[in-house]
Structure formats: structure tokens, C-alpha cells
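To keep things simple, chains are lettered A, B and C as they appear, and every chain counts its residues starting from 1.
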Amino acid sequence: MDGTNRSFIITLTTDFGLKDAFVGVLKGVILSINPHATIVDITHGIPQGDLDAASFAVDQAYTFFPPNTIHVVVVDPGVGTQRRILLVRAKEHYFLAPDNSVLRYIFVRHPEAEVISVTNEKYFLPHTSQTFHGRDIFAPVAAHLSRGVPFHTFGETITDYLKGDIALPQKTENLITGQIVYIDHFGNCISNISKNDFDPEQLVEINIKYFQFERLSHSYAEHQVAEPLVIFSSHDYLEIAVRDGNAAQFLNIKKGEPIEVVLSETS
Amino acid sequence: MDGTNRSFIITLTTDFGLKDAFVGVLKGVILSINPHATIVDITHGIPQGDLDAASFAVDQAYTFFPPNTIHVVVVDPGVGTQRRILLVRAKEHYFLAPDNSVLRYIFVRHPEAEVISVTNEKYFLPHTSQTFHGRDIFAPVAAHLSRGVPFHTFGETITDYLKGDIALPQKTENLITGQIVYIDHFGNCISNISKNDFDPEQLVEINIKYFQFERLSHSYAEHQVAEPLVIFSSHDYLEIAVRDGNAAQFLNIKKGEPIEVVLSETS
Amino acid sequence: MDGTNRSFIITLTTDFGLKDAFVGVLKGVILSINPHATIVDITHGIPQGDLDAASFAVDQAYTFFPPNTIHVVVVDPGVGTQRRILLVRAKEHYFLAPDNSVLRYIFVRHPEAEVISVTNEKYFLPHTSQTFHGRDIFAPVAAHLSRGVPFHTFGETITDYLKGDIALPQKTENLITGQIVYIDHFGNCISNISKNDFDPEQLVEINIKYFQFERLSHSYAEHQVAEPLVIFSSHDYLEIAVRDGNAAQFLNIKKGEPIEVVLSETS
């Protein structure tokens, strides 16, 4: 890292939950190596092994952190196998994650990213278990990186890592077909159709399941309680919501549900 | 803020839950603006849009923080509408919250509080979404305030904000009638009848639902397991509890349940 | 503490849950006394009053923190009674907990530990409630200790504290009989039989309930999805797991379930 622009922030995204000591242990390891690190939890509520949810969480968060923040993602069903561990530098962002496509959004947004296979055991804990590489490898590597150990010290550059896929919407002149890619805590259903995918002036209707919406809302509260609506999410994707309610439950929408946007002829 | 007595603590109270990246994003925004901020979670487990629970949580917590701590409350069902955002200074405490009465306890305890409507977009994120003002407005405003931007810079003083109501107990010479205002994680049922409302020497009985208590306990463990009891809570309000059990479930008590204290004639 | 090797880390392990303001309040009290403290949550998800789970969490975590870290454990069903509060120094680790055996693993691993009964009210909050000593005693005592107040200042040395028991496996030449002592977030079932208890070369079979395993696995992912397996846990104890699944649910294993390891004759 550039010493003049150093960040000591390390973020954590895991499926560890909060009932055990796992997350505390990661922090103990990090602070043992870099007592000045600032550690921020993105979430530890990723469902067990859910790479979709983890990749989405990281994508929602990383641009809001200062340069040189290190984003550690431990959703790692392959722990203990030969799967590799990736250290990634993409613009001013660092990521440390298993080689299982959990960084798929990062690789799409940053095709220029440099990727290292982390192999330098000098930066691991002395005793490496078969089941908790978060503690034994991810945490100490992140902590050493945050202390200024140079990027290329941790292993060799690779290009054959798992990039993974992102479901992109299909577009014709009058129709965009996408899908729900994430359902949040409030039951809001986030699609993969972005504000950039169409001109709202041309909107005829939005269809999902048996529901049809003819306009985009500007706030939840302009609706009656329990009324469904479509709004641009905080990341500018189409979102199905229900005022003061849970859209996923009320409308029985699940991840993967198709959604279509019908547009008028281009003027 | 007074530079000689500056605190860099920002607390967060939200209904965001912990499964998504929302809370991490708030912290990223804050640390991008003030890398030296100390961020403390009060809770992110407020039920969706529950202003009662959020107002209670803030009231339980704020006096235990150092002077100049900034308490950010994002329980904001009106996000995206014209509802205002309030910045409040009450003695040495700062609060940032929607204008929806979620600071009701603060306004009761600090009638002298100064209240600003936050309008200075210079301190917002450049792109403000319709659905996530926590990220786009609350977090950056709190961070700038913690860096020393003067209080009055953020907007104009107002007096017509929503103060909200607090249910107060009714008192006659021999009877106090109150209600359960909060049920905590353990199922303890906290009332709005305070230690200051009566002289324990005069206590005849306490009634709630079909239960009658003739004395105040001094600890949970002086009772048999599963036995109900009344004790002064950690904030000196009457609390219904069950030893090693969940009073709300065992006694089927809900928020709003009436509770009465019968007193003897004044000696 | 030794001023040249001071740590400002305070860890928290409680059964407070995350829906109320309790945890935030502890942090406010600590930061009011020591603004430079680094506070790390081990977990607040200990089931109400579950001393087994709390003792296990602390044991999993403490060795991964820097010297002079102070581990605060507030699982305290006896709050408000005459139960004592213990301050413990064991090698370079500090612990603050009720005298209810929640530090049982520490006392087993560190028979040389120094134990103080915390009685010096100078370091308590001025007003001590009957129900929240976490806030009124544990938090301020930990904060003062982290600021360098000498260990023996907090009270008098005692030896008659509750040490508690740890279930140890029974060993004969060809058979080890242990039990499941913890079930984690993933449903992994951790036993009390350690890697040090036998030579894997001699392993004939491992039996638990109706299930029999003839070998130890090296990773979860070498198995089919939903297949049960036995592996050494991250702390080198035998662990029953199910690939990408929940062993406790799938195999209906509960805490206390017996497990046996059958060994061949010593060669």
C-alpha cells in the first residue's frame, strides 16, 4: 500500500452468524497483528454458504469505504480442500476471499483487477486448521496487509480464478426481462434492472408474478400501508416493496423471480 | 462542538437488521469522512418502523455516553417524502433523527433542546437516493459534525418539529395506574411507573392482569425458578420478571398492558 | 498492568441479545472512562443464563487476543444477590465475570490464576442497580483496569471461588467415551475428545447415536452434500458435521450426546 494514503480499515463479510465466538476470534487475530486496525462488520448473517448473498453484500458496501480498505469475505464451503484464497486489488480496493466466485461483482466491475493466489505461509497463523481458515489465514493475511506488507508478497499472480456469473437483464427495444437477485431484511425485492437500462419516460408497465405496476414511486410513504410499489433502490435498481410491510412475503416473491419492464416505442 | 471537549463517538440505532450490508455501509460513509470516529451500535434490531422501541432504546442509552456523543437514529418509514431530518443539541448530547417523534423522550427530558432542520446539502453524499437516507444524509452529517463542523451550519433552527407523546402514569393519593412500555430480550416487562412515583413503604400491592404482588424483590435469584416477581429495573422503573424465564411469554403480557400500584394512606 | 505492554482491548461475552440497548450501554460506560479502549464483541447470543455456552465461547476466543486483553463475561442469573464478581489474571489474560463457574475452562487451563473478589466501589458507577451489574460494575471496572488501575486495587484475593467442572472423556486402552459439549451456528457438534486423546493410526470407528464413522475427514467438501462426517474442529476436538448442512438437526444430536472412539490394540 501507499504509505501516504494508508487505510487501516478491514471489513468482514461472513456466514458465521453471531451466536458463537467465531467473529470475535477473527478480530482478536487481526488486532494481535495490527492493534491499530479499524474493523467493520459488513454482515455475518449471510446464509450458510450462500455465495449469491455474500457477493451482493460486498458489492453494496465496498464503494462506500475509504481507499485501501481491505474487504475480507469468508463464505467458504470449500475450506480445507485445495481451493485457493484470492487477494485482489481493484483500483484502490482490496479484497480477500476464497476462489469460489464470491467476488463476481468485483471482477465484472473491475476487469483490470490484479489477483494473487495467497500462498505465503509466513503470514498465516503457525497452526492452520482444516475448518477455520478465516481465523488461520484470512484474518492474519488481512492484518499483515493493513500493516503495509506489500501486495505481491502474499503469493503469485494468477488469471485462472473463478470469475463467476452475474445475471444480466435481457433487452429488446420494448422489453427488458430481468430477475429478483436479492431480498433484504425488510422483504424488499431487488432486481437486476438498473436505472441505466431504460428511460422512465418510456415506461408502460412493470410486471412481476400477477402484479402490474404502471408507474415508479418516489417514496414508500406516498402509498397506503400494505400497498405494493416499485421504486429505484438505493443502488438504482428496480425494487419491489410494500409500504410498512414485507414484499417478499406479501407477494410471495423469491430470489430468481422474473420481472419485466415494458417500454413504449422510442419517440 | 467545543474543541477542548470533543468526542468522536457516533452511536447508531436503526431497524436495519444485521443480515444485509446496510449497517456496514453507514460505517463506511462515516469513516470515509472522519477516519477517527468511534462508532458504537446501540441496536439494529428495532422492529421495522417501531418508533416506540427506537425512542426507548435511545433513552436507555444516551446518558451513559461521554459528552458530545452524536446519537444517530434511523427508523424512518417516511424516507423519501418531505419529512424533515432533525439535528438536536440537548445539554452535551447530540441527536440526528427523522422528524417523526422518535426523539420523544429527549424532548421531554430536555425542553431546552435546540433543534435544527438539516437542509445543507453540502454535507450530504453527492447522490441522494429515495430509499436510504441513512447512508446518504444521516451518516455523512453525523461524520461532519463529529469533525467539528459547527451545529448551526447544517440548517435552520425550527420549533415546529414533532415532539411526540410519552405515556405517563396517572396518580391519585392511593393508586398509580401505568402501563408496560417495553419488553426486553429476556421478556422482562418494563412499565412507566418510576421509583420516584411512590414511597415503597406505602406499597400495598401491584396488579397486572390476573397477578398480584405484595412486595418488591431485590434480585431475580431470591425467587424460585419460573416464579414471577416485581423489581425496579436498571432505570428504576417497575419491571415484571420471571426468574430464569420470560415474563412476557409466561404471563402473556404485551406492550400497553395496564399495571397498577395500590398504596396505603399516607402516614 | 505493565505500562510497557498495555493492551486497550476489552472483549464482551453476554446473553444480552442485540435487540435492546444493553450492549451499547456497556460500551458507552467503558468509553466514558477510557475513550481509547478497543471493544470487541465475542458474542451477545449466549442463551439466557447458559453458563456452558458462555464458558465455551470464552475458551474458544481468549488465546487469540493480545496480551493484557480484558475478557468481560456477563452471564449473570445471580445479579443482585450476594454472588461475588471475580477479576482473574491468568498468565497475560484478564477476565471479569460473576462467581458462577462461567470461567471454568480458564481455571482448568490456568490453575495458577490469581483471583480477586471485586469489592472496591470506587470503580463502580455511583448508582448501582439491582438488575444490571454489567453496566454498573463490570463495564466500569474493566475500563478502569484498561486505564492502568492496578489489579489488586479492585478487591481482595480469594481462593474459594466456584471453579466449576468440565466434562472430560473417559479413556481405556481401546475406548474413549466423551460427549458433545457444544453445537455451533452451522449445527456442527463439537465433542470433548481432543486430537491429543488418541493416535488416529489406531482409529477403528467413531460412534454417535445410530451413526458409525470409520475414518476422519480432512475437509467438509470432500463429501457429498448432506453427507455426515467426523473431522477435527478448529480447536482440534472431534466434530460431527454434515456437508453444507446442519448436523445437529439432520442427525438429531443434542448437547450431552455420548460419543465413543474405538481404537485398535496398541501396536
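Convention: a contact is a pair of C-beta atoms (placed from the backbone, for glycine too) under 8 Å apart; a residue touches a chain by one contact, two chains touch by 3 or more.
This is a predicted model, so every value here is computed, not measured.
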### Message
Interface check for copies subunit B and subunit C. Shared numbers divided by all numbers used: above half gives same, below half gives different; which is it?
### Response
different
### Message
Give me the C-alpha superposition rotation for subunit A onto subunit C, in degrees, nearest 5.
### Response
120
### Message
So the centre of each chain is just the mean of its C-alpha atoms; given that, what is the distance between subunit B and subunit C in Å?
### Response
32
## Note on the structure
subunit A touches at least 2 other chains through residues 18
### Query
What residues on subunit A touch subunit B, complex-wise?
7, 9, 11, 13, 18, 38, 40-46, 56-58, 60-61, 64-66, 69, 184-186, 218-222, 231-236, 239, 243-244
#### Entry: Residues of subunit B that touch subunit A when the two form their complex
16-25, 27-29, 31-32, 35, 48-49, 77-81, 83, 129-132, 135-136
